[in-house]
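The next part holds the structures, each set out as structure tokens.
The two complexes that follow have chain A in common; it is paired with chain B in the first and with chain C in the second.
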Partner chain A sequence: MEITQIVGFGLVAAVLVIILRQYKPEIALLVSVAAGIALFLAILGKIGAVIEVLHDLSRRANVNMVYLGAILKIVGIAYIADFGAQVCRDAGEGALASKIELAAKILILVLAIPIVMAVLDILMKILG
Partner chain B sequence: MGANIDLIFKIAGVGILTAVLHSLLKHAGKEDQAQLATLAGVAIVLMWVIDLLGKLFDQVKTVFRLF
Partner chain C sequence: METLQNLVRELVILIILAVFLELLLPHGDLRRYVRMVLGLLIIVAVLQAGVSFWNRDLAVDLSWVSLGPPDQAATAEIIREGERLWQMGQARAMNEYEEGLARQIKALAGLNPDLRVSEVRVRLEGGAEAGNLGRLEEVILVLDEDGAWGGEEVPVTGQPIAAPDPQAVDRLRGLVADFYGLSPEQVTIVGR
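The block that comes next holds the complex of A and B.
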């Protein structure tokens, strides 16, 4: 039963952070960052399995791999950026968090451009 | 999962130890050594967390086929 482990882990980490916050706030932040990383590492295996299924489906439906690859990259970038932004927000640095999110949006935009171009080309063919 | 919970407890242990050492040294009058002790504690914890962060980014890179 994965979920009980994860919830238990999260609660223990939260209590430890509270204890440490009054003495050493910086180490408390590091504990919460480590707990966040550990939780995600635990679930990363399941995400990998889902992505494998997606790959098989797209191979069977012979969808072009470029698009799926780009989508996966976008999801990966979104996740890491969100992780970093939340950590910065926990540390009280709202401005830093929004800068990270801005950079992530631009990176995702850059990745999405080829897909948008492809859609436009197809539209031109149909209409033109 | 198990290994990570140990790491969290290790980090919390170092944190509490640093706090106790800091206040101990402060009461003993050695203010500067107290600061150094805190810095050492934070450095150790930072090393562990950065190692864990490196592991996370590697796994995310392989799972999401980034880069």
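The block that comes next holds the complex of A and C.
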């Protein structure tokens, strides 16, 4: 079962990080980041199937693929920023974590602009 | 009745899509932002479905009023007229899609503080191959004359030119190409 391997790997990494944090905090941080990336890569292959289902549902619901692509990019930005902010918080850099989150919020709003324009376009058509 | 059935089916699929996407959202502070954008997407899809349903419904009513009972002699003429109307409608839909897309790209390009974009032209796939109709082929960004090149005179009119600040041009090209899934070569930046 993959989930047992993932949970086992996570627990081993957590124990390793706790032990290392007492003697070499900087190495502990690197181990934590490496474990996070390894876990992400382990499930990367499964995400493709989910994306395929989302594409299929969008086609059936007549949703423009550009908008779905924007949503998926936004979800990706949110996850990556969340991961980076958590690592910064673990390292005691709360201010840096806040900056990462701020950058992610701005990027999300930038990607949302075409969708906002589409809503305005449709509303103008209905009202005008 | 069939259009109503299609509308309900589209809405059901849309709800399933929304629930599925909601499951993918992260747990942190960013969740609220992603949910906002997701909500906008759902609003767009529901409005589009509603507008198309209303238009189709109206068209059906008009057909009853104007055509009356079928007539053998006029059938060919009606079919020809229908095909002409279909082509006109398709051309109009493509034009509206182009204009809407250009407005979206202009708003996106407006975020770049270094280069001011005065006009956006888009070229769409016009072929009738399945799945290719309406695909974005090329985006042409026309830069504003004042300030776009640091206040200097614009050297070339309507032709791709080497910009004084290639990094800013590359950033703008990359932003548009990345968002719409195009290669950088499909995004052309020209001076007015």
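In this section, the second predicted complex is superposed on the first by the 125 of 128 C-alpha atoms of A that agree within 3 Å, B and C clash if a C-alpha of one lies under 4 Å from a C-alpha of the other, contacts with A are read in each partner's own complex, and residues count from 1 in each chain.
Here, contacts are C-beta pairs under 8 Å (C-beta built on N, C-alpha and C of every residue); 3 or more make two chains touch, one makes a residue touch a chain.
Small disclaimer: the values here were computed from a predicted structure and weren't measured.
When the two complexes are overlaid on their common chain A, residue A:I27 makes contact with chain B while staying clear of chain C.
In the superposed model, A:Y79 makes contact with both chain B and chain C. By the document's definition of touching, of the two partners only chain B reaches A:A13; chain C does not. Among chain B and chain C, the chain that touches a larger number of residues in chain A is C. In the superposed model, A:Q5 makes contact with chain B only, not with chain C. Contacts of A:I43 after superposition on the shared chain: neither chain B nor chain C is touched.
By the touch criterion defined above, A:A35 reaches chain B but does not reach chain C.
Of the two partner chains placed by the overlay, only chain C lies in contact with A:P114; chain B stays clear of it.
In the superposed pair of complexes, A:V66 makes contact with chain C only, with no contact to chain B. In the superposed model, A:L102 lies in contact with neither chain B nor chain C.
Chain A residues in contact with chain B (one complex) as well as with chain C (other complex) are 69, 75, 79.
Chain A meets chain B in the complex at residues 5, 9, 12-13, 16, 19-20, 23-24, 26-28, 30-31, 33-35, 37-38, 40-42, 44, 47-48, 51, 69, 72-73, 75-77, 79-80. By the touch criterion stated above, chain C contacts chain A in their complex at residues 10, 13-14, 16-17, 20-21, 24-31, 33-34, 36-38, 40-41, 43-45, 47-49, 51, 100, 103-105, 107-108, 111, 179-181. Note for the complex: chain A touches chain C at residues 50, 53-54, 57-58, 60-64, 66-71, 74-75, 78-79, 81-82, 85, 101, 104-105, 108-119, 121-123, 125-126.
Taken in their complex, chain B has these residues touching chain A: 1, 4-5, 7-9, 11-12, 14-16, 18-19, 22, 38, 41-42, 45-46, 48-49, 52-53, 55-57, 59-66.
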